[in-house]
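These are the structures in question, set out in turn.
Both complexes shown next keep subunit A, but they swap its partner, so subunit B is in the first and subunit C is in the second.
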Partner chain A sequence: MSPATVLPGRARGAGPSAPVARPGRRERRPLWLMLPGLALLGLVVVLPFGLAVWMGFLDLDQYTLRDWLGAPFIGLANFTEALTTSTMPHSLWLSVTFALLTTAVAAPIGLVAALTVNGRVPARGLVRSLYLVPYVIPQFATGSLWQMLLQPDGAVNKVLRAFGLEGSNEWLIGPPAFWALVAVDVWASWAFIYLMALAGLQTISTELYEAADLDGVTWRQKVRYVVLPQLRGPLSLGLILSTLQHFNNFTLPFVLFGSPAPEAVNVLPVNIYQTSFQVFRFGLGSAMSVLALIILAIPAWIYLRSVRLDAKPQEAGA
Partner chain B sequence: MHRGRGLFVGVIAVLALLLTGITACGGGPRGGGTQLRVLVAVDPQYPEQQRAWLDRVTQRFKAKSGADLTFETFASAGEEQTKIQTSIVSGDGPDVYHLGSTFTPVAFATKGFQVLSEADWQQIGGRDRFVPESLGMSGPDPAHQIGVPVSTRPYGMVYNTAMFRAAGIGAPPAAWDEFVADAKRLNQPAAGVYGTALDYADGYDPWKFIWMFTLQGGGRLVSDDLKQARLDSPEVGASVGAYFDLLTRHHVADPKSVGWRSAQALAAFVNGKAAMLPMVTPNAVPALEGSAVKGQYAFAPMPLVPPGAASRPAGGLAAGTIVSGDNIAIASYSRQKDLALSYLELITSIDEQLDYSQTLGVLPANAEAARRQAEAHPQLAPLVAAERTAVPTTFTGAWSDVQLGLANVVTQSLPALTNGSYDPDAVRGLLAQANQKVQSSLNRQGR
Partner chain C sequence: MSRRGVSGRGVSRRGVSRRDAQAVLPARLNGVLIALILAFAMVPILFMVLMSVTPDSDIAGGTVWPSHLALDNYVRMWDTVALGSGLANSVLVAAVSAVVATVFAVGAAYCLTRFTFVGRRPYLAVLVFLQSVPQVLLLLPLFMVFSSAATYLGLPLVGTRLALIVAYLTFALPLATWVMVTYFRKVPESLEEAGLLDGLSRFGTLWRIVVPLSWPGMVVALVFSFLVGWNDVVIASVLSHPDTRTAAVDLQVFGHSIEGGAIPQYGQLMGASVLCSIPVVALYLGFQRYLVSGLTAGSDKG
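On to the complex of A and B.
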């Protein structure tokens, strides 16, 4: 680390009484180089987000769209409506449950799949490619495909009945629709966890396995004490990203169930779409989006704290 | 502190420059008087034929006006609305929009489209050139019209003539009770053949049944003064019940129709599994002509007497079909109004209307072209006749709430229908919820 990048008073090993190294004029970091990046950040992230927040305070709909900045300011009314009289709380509950459940089911599948192709196995490249097939199919196509399979006389019911199970005529229209959505989303997305886990597995040194072998550990002990601790970082990242992706999934429920959706699958993204683009309550839709963002930010922040991705370099390295 | 402030000022300056650049790009001169931008829906049924038609129109427009025509397309209603919204907000985008008739009231509510004057209508060729009913969704009244009809898609029913003959039924039903009686005579559940095909899971057809039954029975979905939502009225509740009764009480439709959308209902008809199929448009002709029922089908207008009645009650309307089709509207920000009117004159002329209709499987909005079309294709005559009795849906910006609300009532009732019944109280509850949302929108419109 060059002297120019050492933070004043934070150098590793510097005691409380160590003299503070104040950089001279020439040693100052050229922060102005960040201007283009900051400007882009402002334009791409801060400005749209600020507008979305502002729209949440407006009675913005089809009647006021043309002069949207002049739409009536109604304070927190949209936020209050979103949380009380609208269907948002129900949709939020559905989305949270759906996201957690889908991730919980997809994670072990992805992990086991990664373990099966981590070592030297026959046709490893082919199997790895096949594992990725559901993940690379566009969600629109996945939704269309499963919509056919889940029809009352579709393949899903036929297979279930072949195994002596009852099946259902309501996979796409009634309460079982929720479980259909979970199953299809797990099918389409488990490979993401698989990818993250496999990437993590590739970074584990063979010496660790050899040392474990010398110690005479079983395969299960090897997974428990060698593999999983080493996968903590990539797997945590995979789990949080997967949860967020499931929470935000709009295409799959929209294609599978259409709009209006059955109550059991009226997840938050579909609800916000309906509110904003089918009945044109842009203000209410924005308020719902902002609330959803705040709710999503909580687990994201917990994750960042837990893996210390937000820590300053010297803290992370401490 | 100084450096922090400098950084802040720098960021603001760069942002301002970027925004200025963007604004300059968006606010520059548009078209230069020689180009007209038109937004049109991609036709999923005839994509190649549509592309060829777009090319033909572009050439004819060039010959007529000397200007270039640039078509922009959208593939879904969501894409269309996004385009309209961004264009209205930014004041930049296509000059001319092809709009679905039921979306026209919402477009009108945005104030983003030009109201046509008498002189404008004369430049297009006059209102007389159109089928009068097709103007029903052009605006709230003749003095405030934004939409010029370019095509119509009247709804009617199609029936299997061979099955009708075999059952000794001489003519299609004129009343809904007659429809049910005929359907029961045609029903052969053991053979997998039903009196009618229905599509309860479709996103669009169910609300049209409820609208039709309600208006025929003398009810309204929205009061005539556009101030009161009426979805919680007894007439609407009875209409929902009558629609569900076709399956749960009369058993004249395949129980699987609870999960069907329009394509599946059409498939049942063309495969000879249903004797009647209500709520079809001329778009169904290619599927019918390419199926086993070719030569054994005929169109008819929808029955015009409501369920449970021998004749229409006082206040009941002969509502067999909504005014359905496409309108063309000129964006309020467009500086190419003369070119746009020239385009409208061209595309609604007799020859262009016949070409458009034959290419895309719709009916002409031009009255003379519609007459010629009916003469050339007698099978479509009943649908042309149906257009003559078309009733416009309520011209209000709240119409999207009405549509979505009614569709939601049916969607949430599907599990009960699967079990062969429905709960009238649950239906009333769903209608009350929908009514609240429609009323809220009406209130906002009236502020």
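On to the complex of A and C.
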């Protein structure tokens, strides 16, 4: 008998709250299985994190790089520069507004999209797949595509002018670049909210809708009083994650606008990249990275709290 | 309430015969909205495909419909960009890091879901936290580690494929581990107890019982870790040399080199973009059922 055939009966019999006989204490736990991952994480995450902090205190550039352990120690100078005279505050402000704005625009699209395919509609599987395409194609391809569309005589301006609007010759270089970035990122990422909302919709029981139908509510009331309250959990989590993803997005602005980026779209990840690898101010770049991490820790902490971090299947029932 | 089982949902849905209770929006509005959203999502994609078979002179002239099918865009692009070596590098680097990440993840996730030990919760927290950290923040210190290996150990790593693989593991390993953690939680331990009673070791139950039951989770872990490398631009643009470059960087460099030209080769750029997107879209369509659950794995809530 294969293990798979045992699964359903056993699984249901155990149930979430059924006491599970713990194997004896004497058994040997193969904790060595953790070691490869642990060692690798230490090498590629913990060590670099430590380095990043240390480098933030050094006057490190391309000249001192080769022997960077001997680079002059300058205390908090990099950090104060990052927070005062550098372009970081501007970039931070840009990134925050960009992340919040993009999420705010993408959320209703994703929510409506989820509502349209939760019921039975023709070719539902195909529609669901097509909804995902802009989200799953690589962002460097998205960037290349929109870089072409946003050229001064590109398709975006053609469409806008067909509707009597003025368009812009500066989508990729001037102040309108910010709006171009918002629009493209919304196009590329609304499906994430859609997925979260759809997953949430599928946990709403049919009885709830049927009860609403019996009460003779309109579809607006159904959305307002049945769907939205039930979606609060998955949607708020989706909004946090989506904001983080937009804040962290490097690929799209980098491919769309190149580096150095126009001032209007010099978002924090691009700025850190440029400071580090094109201006070669490694110390300043490190300081910026550390500061960005501290700022990111706030939404990340909210995210961590909303994720079920630690529950064995049996403990979850308690 | 929110932890309603899959089977329960299926039964209740089948029970509805006359009306579709799950359809909230009025049918006509629903149809209009689907059409609008599909247009919003797919018109740019179709345009990308169309422009990939449009002669460059047409695009420069501002056409929306090609004068003739320029399928040779798909032939010439291999010479214009180093696409062959780029794709080979992308596949190699992404695949190796995906396999390593998944193998390590299975072992780690098994321990994290089956045993309690000191540091388990912090480890889980780090896994989740790392997924909200932008790659560029770790890139600079990683670059320092690699260039120090050259300076102090005589190991030139920057520019090698090994450096890329290790760098991708920074993000692929936590991701794959978290995917496997959420998956292993759903595999009932009662199955393993049967194995333990029959005299299997813990490793034996993992290898003979848990792993064969978990291949959907491992597919998700593999695909997502693969995409970390395949979709990356920032790491490869710093840690690779021209001959170890991935397709993503090739495309980004190509895109910016053609902007100033007299007749920009957008047809070829779109051709290359379509080509790089096809494997990803195919993976998603092929494994949609599993991958979609994995996309929201980070949000696995109790």
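Heads up, the rule we're going with is that the second predicted complex is superposed on the first by the 253 of 318 C-alpha atoms of A that agree within 3 Å, B and C clash if a C-alpha of one lies under 4 Å from a C-alpha of the other, contacts with A are read in each partner's own complex, and residues count from 1 in each chain.
FYI, contacts are C-beta pairs under 8 Å (C-beta built on N, C-alpha and C of every residue); 3 or more make two chains touch, one makes a residue touch a chain.
Nothing here was measured: the structure is a model prediction, and the numbers come from that model.
*Asks:* Counting only touches as set out at the top, which of subunit B and subunit C does A:76 meet: first, second, both, neither?
*Replies:* It touches nothing on subunit B or subunit C.
*Asks:* Applying the document's definition of touch, where does A:51 land relative to subunit B and subunit C: first, second, both, or neither?
*Replies:* The answer is second: A:51 touches subunit C but not subunit B.
*Asks:* Between subunit B (first) and subunit C (second), which, if any, makes contact with A:277: first, second, both or neither?
*Replies:* In the superposed model, A:277 contacts both subunit B and subunit C.
*Asks:* Report the partner of subunit A that touches more of its residues: subunit B or subunit C.
*Replies:* The partner making contact with more of subunit A's residues is C.
*Asks:* What is the contact status of A:31 with respect to subunit B (first) and subunit C (second): first, second, both, or neither?
*Replies:* So A:31 meets both subunit B and subunit C here.
*Asks:* With the two complexes superposed on chain A, say which partner A:160 touches: subunit B (first), subunit C (second), both, or neither.
*Replies:* neither
*Asks:* Thinking of the overlay built on chain A, is A:169 touched by subunit B (first), by subunit C (second), by both, or by neither?
*Replies:* In the superposition, A:169 touches subunit B alone.
*Asks:* Touching A:228, do we find subunit B (first), subunit C (second), both, or neither?
*Replies:* Neither: A:228 stays clear of subunit B and subunit C.
*Asks:* Is A:66 in contact with subunit B, with subunit C, with both, or with neither (first, second, both, neither)?
*Replies:* A:66 contacts both subunit B and subunit C.
*Asks:* Classify the contacts of A:42 with the two partner chains as first (subunit B alone), second (subunit C alone), both, or neither.
*Replies:* In the superposition, A:42 contacts subunit B only.
*Asks:* Please identify the positions on subunit A that touch both subunit B and subunit C, taking each partner from its own complex.
*Replies:* Overlap of subunit B and subunit C footprints on subunit A: residues 31, 34, 36, 38, 43, 47, 65-66, 68, 153, 258, 273, 277.
*Asks:* For the complex, which residues does subunit A have touching subunit C?
*Replies:* Residue list for subunit A touching subunit C: 3-4, 6-7, 10-11, 13-14, 16, 20-21, 23, 27-31, 33-34, 36-38, 40-41, 43-45, 47-49, 51-52, 55, 65-68, 109, 112-113, 115-121, 127, 129-134, 136-141, 143-149, 153, 155, 158, 187, 191-192, 195-196, 199, 201-203, 205-207, 209-210, 213, 219, 222-223, 226-227, 233-234, 237-238, 241, 244, 247-248, 250-251, 254-255, 258, 269, 272-273, 276-277, 282, 285-286, 289, 292-293, 296, 299-300, 303-304, 306-314, 316.
*Asks:* Report the residues of subunit C in contact with subunit A in the complex, numbered from low to high.
*Replies:* So the residues of subunit C touching subunit A come out as 2-4, 9, 12-13, 15-16, 19-26, 30-31, 33-34, 37-38, 40-42, 44-45, 47-48, 51, 59, 62, 64, 104-105, 107-108, 110-115, 117, 120-121, 123-126, 128-130, 132-145, 147-148, 151, 166-167, 169-170, 173-174, 177, 185-186, 188-191, 193-194, 196, 201-203, 206, 208-209, 212-213, 227, 230-234, 238, 248, 251-252, 255-256, 259, 266, 269-270, 272-274, 276-277, 280-281, 284-285, 288, 292-293, 295-296, 298-302.
*Asks:* Flag every residue of subunit B that touches subunit A in the complex, lowest number first.
*Replies:* Touching subunit A from subunit B are residues 3, 7, 10-11, 14-15, 18-19, 78, 81-82, 85, 88-89, 106, 109-112, 201, 203, 256, 258-259, 332, 397, 400-401, 404, 407-408, 411-412, 414-415, 418, 437, 441, 444-445, 447.
*Asks:* Which of the residues in subunit A end up touching subunit B in this complex?
*Replies:* My answer: residues 31-32, 34-36, 38-39, 42-43, 47, 59, 61-63, 65-66, 68, 151-153, 169-170, 172-175, 258-263, 273-274, 277-280.
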